[in-house]
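Labels A, B, C and D are assigned to the chains in the order they are written; within every chain, residues are numbered from 1.
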Amino acid sequence: MMQNLALIILSPLAGFLITGLIGKRLPEKVTGWLGSLAVLVSFVLSISVFNQIAANPAGMHQKLFTFLSVGSLQIDFALQADRLTALMMLVVTGIGFLIHVYSIAYMHGDAGFYKFFAYLNLFVFNMLVLIMGANFLMLFFGWEGVGLCSYLLIGFWYENAEYGKAARKAFVMNRIGDLGLLLGLFLIIFEFGSLDYHTVFEAAARGDHNLGVITAICILLFVGAMGKSAQIPLYTWLPDAMAGPTPVSALIHAATMVTAGIYLVVRCNTLYHFAPVAQELILYVGIATSILAALIGLKQNDIKKVLAYSTVSQLGLMFVALGCGAYTAAMFHLTTHAFFKALLFLGSGSVIHGMGGEQDIRRMGALKASMPLTFWTFLIGTLAIAGFPFMSGFFSKDEILAEVFVHNKVVWALAVGSALLTSIYMLRLFFVTFLGSFRGTDEQKHHLHESPWMMTVPLAILAILSIGGGLLNLPEIVGGGMAHTLKHWLEPVTGKPAGEHAISHGTELALMGVAVAMLLGAWLYTRNKYQSKGVVPEADEAQEGTGRLLSHKFYVDEVYDAAIVQPVNTTGEILYEQADRKGIDRIVNALGNLWVWLGGLYKKVQNGNLEYYLIFMVAGLILIVGFNLFR
Amino acid sequence: MKPDSIFHTVEISHYIYLSCVLFCIGLFGVLFRRNAIVLLMCIELMLNAVNLLFTAFSSYMGDSSGQLFVFFVMVVAAAEAAVGLAILVMMFRNTRTTDVSFLSNLKG
Amino acid sequence: MRSLLLIFLGAIAILFAGLGKKEIRMLPWAIALLLGALVFIPMDWIANEQPDWVNHIVPYFMMVFDRSALAFMAVIIIAAMLVLGLFGQREITGSDQLGLILFSLCGALILCSFTHMVMLFLGIEALSIPLFVLAGSRKKDLRSNEAAIKYFLMGAFSTAIFLMGCAFVYGGTGTLDLSVMQRVIPGSAAMGGMTGLAKTGVVLLMTGLCFKIAAVPFHFWSPDVYEGSPNRTTLFMATVVKIASFSAFFRLFNFAFSSPLAHGNWSFVLAILAAATILVGNIGALAQRNLKRTMAYSSIAHAGYMLLAILANPLESFWALIVYSLAYAGSSAVVFYILNKVQEKKGNTEFESFNGFGRANRWLGILLILALFSMAGIPVTAGFAGKFLLFSAAFTGFKWLVIVALLGSAISIAYYFRVFRHAFLTEADGDIIKPEWQDSVFLAIAATVLLLIGIWPALITGLQLFELH
Amino acid sequence: MELILIPIIAGVLAALAGKQSRWVALAGSLVSLGITLFWLAGFRYGASFQYVFDKAWFSQGIHFRTGVDGISMVLLLLTNILVPVILLSALRNDKRNAATLFALIVGMQGALNGVFLALDGLMFYIFWELALIPVYFICALWGEGNAFRTTLKFFIYTFIGSLAMLASLIFLYSRTPDPSSFGYEALLAVNLNHTEAIWVGAGILLAFAVKIPMLPLHSWQPDTYSEAPAQGSMLLSGIMLKMGLYGLIRWFFPLVPEALNVFGPVLIASGVIGVLYGALIAIRQNDMKRLVAFSSLSHVGLIAAGIATVSVEGMQGAVLQMFTHGVNVVGLFLAIEVIQSRAMTRNLDALGGIAKQAPVFAVFFLLLVLGTTAVPFTNGFPGELLLLKATFGYKAVWGILAGITIILCAVYMLRMYQFSMLGKPSGGIYLFPDLRWNEWMAFGILALLVLWTGLFPQYLLDLCGPAIQKTMKGILDSTGVVS
């Protein structure tokens, strides 16, 4: 059974190699199904691992080979699986498989079809390495690996220079985070002498380490998480990353890769336990991101951009939970978010597919009729994220809000505001896209169709999961005996937080009531505005005042460009022109030319005139004799 | 050579000074004259200063090798002068002058 | 002694036998003569004692043909062979130039073996006087005339200074015999050191020799004379004359004036002169547009390097000097051969005349690179071995001087590689030069010397196992 | 011995072989690759020198002495793999006098092997110089633009450095006990006082720092790389600058450990500043070769800084990274050559969209870009990890500054890839044939190395580990620093 772990990562790797190397010569269907099969194998194996873990909370561990062994430092290429991992594995491979299947239809006819599946498989491989690695370096491997795949997939349509730019932006911003993570790893090595989770956490749990260093480690790790999970200040890449094909956005930029930061913090909860400062930082960054992204989401007209900002906002919410030490809540929301956000992205993909590549919601509308299945699943997704009672998002979001309520009332209020904004922009998106009147071209109208079954079936499955995802971790008032399944499941990893503030059922109910009321309000507002009045959102250029600010994303990109990108470029130019060419190089050349110049000077001395020669000789002679006699 | 010969009634230093003066006269002649013939003569003067000095030392120390040297110097100086005059003649044929300051084609 | 006599008598014979004949016809005889002289050297080396008849011809041990003399003689004869072999003159009638070269060579050989100031003086004059004539041997050429005049006047002038030095040393030490001097000078320590007379004498001798090797500030003649003289004469001056002068320099200063007392007297001044020579030679060469003149400056620089040998511990530096001289002679011969051929085709030796040379003549091009590398002291050529041995021998004495020498070597790359650039990197079509078969033989000898010593210098330095004196 | 002689003989034969010279050269270089692999197979893990060949050369104190330990084995491997690859990539070359080009390349292999094998100070110096000559000719004879001036500057610059090293070596030689010796161990045994150590060290360092090149002494590099022919750039950047780094490990620090406290900080500062300096400049370069030149400056700066930390991670990481950087930079220059020979330009402004026309090439190029960017599973990663860790452990500030390279490197490398390969085909790139078989093979070998080193760096680390530890012990024992 032990080789299961290796097989889980090897299967997508094999898929990558096969589709990448010979996929070009195979028919599309074969390539697509091969790629999907590879992930399916991983999924099935993951279930088997999941079952084993259920029986054996300690988890599994498998060393493949020694990667690096230098001095006292030894880093193995090793895999492990515990309950956290098992949960993530199911999410990654399960949703991954659905999206693979979806892609077979979605990417049909693309010139780079085989490449797409190769990249997707490579991504799944890297993601699995990230979550299954048994030490921080393995995590870093996967961490950078998924960043690479993200780069490749965002820039998948490489002939478009803008897409290429977005891809590079994503990679570079991730790299900024990676540097933080890497420095964190170095600190871990110096503090604990190892990178193995087991060793590190065991040592940390003893609590006798320098708290300052641990805080530094935690902050640095969080910097890594900022990059990958698109938190302030490193979030701007994620909306741009929507340049990639939609399944990519669903898989990488919604369901899996961007949650790696959450995973990292949960994984290191032992360390964060000793670093309250870092936790506070996470809390504030998370809530700020959540609000900011939600605000921006209000005014976006690109269907995928709205979802992207929504993702950023939801990730912020998860970090808020982490900041409160509510690891289960974060993981719970991570899981449900994976379901409904993947659903929403795939739904949007279906819309885009049907609309022949159109992404602007102002040109859509009234799609309900022609794309019923998409409509219904999208509705489910929208409701789930907006927190419609008893759907998955309802439970997971409420759990976070409840935890925050206990922790910090101000942040709670902000989080509620963020939830409200979420409801508004999601419903706006929904109404504008599917209801009202059709605003596209005639050609698009003629072309409009429901997507093939390979796309709709994954939608349906995800819709079911979005509805029922809440079952994973019901609150006590609803679930009774079945409550807190996930919490108990994760306990071996997160431990039992000491002195947990339980809130009374009354308060909990009240909080739920607030949420439902807000949703209702949002529904009425948006329905009134976009369906009944048929308001079409203004174009970006037409926005004024706050709207303009929002549609331009608070001008953050422009600020970054002016504050970082341009200065770096200018520095590069100045260094090259002034310091290198006109400075160092000129000095070197001058040192060389000095001798040539001296040579020219000497030429004048050697003037061909015998008398001068004799005078020089005699003068030299006198000098020599005199020097020798009188020194 | 008798020990009380005239050389020993005069201090050796006088000979040294004399020949140094002679030598310097020759030397400055070489420096400040331009006619090749005169230059040649000045060099001969320098050689003669050397000869005088050799002879004086030789006598003073009672060692014959210095005087031997003088003969060689004289012989070689003659040979040198012969060659030198030949070169000067050649130069005169080509340039119609014996002024060395006109010879400055080779320089730089 | 046998070599010297053979060459002297042979020179007379060739001079008379060659009357009215083309010089080129006498050349094989001259080469044979040199070969014969060369053969005697290993024989004498092994015998290692002065036969009686030598002492009858040269009384009072005024010349001693010890092994140090023999080693230099061998180098000089080889250098002379290269000079003669590579420059067969077809146009010249009469073998007077050949005879003059051989006579001059006799002077050079005397400079290897003297032990008495008289012989030193005679050697220098025997070496120089034929050269005055040779420098002016193109009678109608004004440049040749000018070279001859300048060389003669300045040579005679420096001879006078040198003789003054002899006289002073004679007065200061009471002897003209080198071995006596070597014994007398340390004895003067008891009487408050060397007298001013002797001190000045030593320095005057030094200046006289510095003129011969063209060390700063007595080097002014050499660029002009080198440029104006016929190529063969220039090469002869650059190699045979220079090596012989160094042999004399080495013998005089590291034998007669080798005691610490005397050494302290002249070494510092000489070190400064050496540094100046290296710098002036290299810097002067940088500004030149004419290869021949560049080689003149380069030869000044080489003299500067070789002066390091005089300043170093003689036991180590002797063989360094030998290796260096061989390397220098070999590479100079190659460069001057090519220079001569180019001059025959193009009429001058400006750098531009070499454009495309390497592309047109593959083997000569490679040979040119080899020679230039050797001059620049790049491994694995003989020039590197020589430089390395010289510098490491001198390192214990004047470290700063070695640094200056290294700096000089670095500067020299610029002008040596300029030749390479014109020969290889210009698009012009160079003239194709077909060397005569005998030229090829001598070029091959030169190349072999350069490479063989470069790869395996122990071939020469291994001889240091033998006692020198 | 055979590793030095066979390539040189092959070079001579190739020069004479005319049309067939490329095959002669390739055969010669493959034979020495074979010998290297044979040696590797028989290599006993440990710190001692193996396959020692010893013969008196100049004199009794100056020997022709060669031997291999783990450090030199890695570099021999690098040399003898890369030179065949370079030859392979040039096989279809139809430049003027191609025979000479092949001869010089394979001859260079011999000289480089000599550098890495030498266990005698003077021998090291001689091969150090000797390695300079073929590459000089390659750059001067087949270079473009103002190649003579640039290469002359390069030559004199490095030559001055070498001469300074020679002076230092001679000084050490003069201090060895009688009879003086240039032997490696004899030179190591010389004890210097602090002042002497600084002077001697400065001389040796000058040679290495120019060749590496370290920051203020680098100005020969961009011009030379960009004006040299592809093979010249590959040899220079792929192998030759490793000579300097190797010299730091094998010669510089062991010879003057007394001055470690002076040179260590200087080297690290220069290295780390070089990392940023090169990277920042590389970001704005449009000439691909110049870009790679500055990126190389950035990368080797990190390697040098790692060595100067004199820590196990730093040194082993450096050896690993030398191998890696050699492979990557040769690959990059090869890719640039592929582009230039087809598109007739290497200016990023004029390029674009090549990936469409040459997908296979695009994949290989991407892999090399990723390797250079140190993405995990490629070869750049483990070395950079170790080096950054060592620098960080030496002083956190330096580590953080150096770490910025992983961001900047991504910026300029991806920019280069983007502008050349991706986007819409522009300019004259409508006919861009994909790789020919020889280029395919060359890239294939490099790609395998990229992945192999990326996944299993431990093989190379094990190889050089004991030797590194011995070297470090030697250095630290002499300085009295307790590690």
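The rule is short, and it goes like this: a residue touches a chain if its C-beta (ideal position, glycine included) is under 8 Å from a C-beta of that chain, and two chains touch if they have at least 3 such contacts.
Keep in mind that what you see is a predicted model, and the values were worked out from it rather than measured.
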| item | value |
| --- | --- |
| Labels of chains that are neighbours to subunit A and to subunit D | C |
| Of B-C and A-B, whichever chain pair has more C-beta contact pairs | B-C |
| Most distant chain from subunit D by Cα centroid | B |
| Subunit B-subunit C separation of Cα centroids, rounded to whole Å | 27 |
| Between subunit A and subunit B, centroid-to-centroid distance (C-alpha), Å | 98 |
| Rounded Å distance, subunit B centre to subunit D centre (Cα mean) | 66 |
| Cα-centroid distance, subunit A relative to subunit C, in whole angstrom | 78 |
| Sites on subunit C at which at least two other chains make contact | 149-150, 153, 157, 161, 223-224, 287-288, 414 |
| Numbers and ranges of subunit B residues touching at least 2 other chains | 27, 30, 100, 103-108 |
| For subunit A, residues contacting two or more additional chains | 592, 603, 606, 608, 610, 614 |
| Contact pairs between chains, per stated definition | A-B, A-C, A-D, B-C, C-D |
| Partner subunit B, residues of subunit C touching it in the complex | 117-118, 121-122, 125, 129, 132-133, 136, 139-140, 142-143, 145-150, 152-153, 156-157, 159-161, 163-164, 166-168, 170-171, 174-177, 197, 223-225, 227-228, 287-288, 293 |
| Residues on subunit A engaged by subunit B in the complex (per definition of touch) | 603, 606-611, 614-615, 618 |
| Residues of subunit C defined as touching subunit A within the complex | 149-150, 153-154, 157-158, 161, 196, 199-200, 203-204, 206-207, 211, 216-218, 220-221, 223-224, 265-266, 269, 273, 280, 282-288, 411, 414 |
| Residue numbers on subunit D that touch subunit C, as the complex places them | 56-59, 122, 125-127, 129-130, 133, 140-141, 147-148, 152, 155-156, 159-160, 163-164, 166-167, 170-171, 173-174 |
| Residues on subunit B engaged by subunit A in the complex (per definition of touch) | 27, 30-32, 34, 100-101, 103-108 |
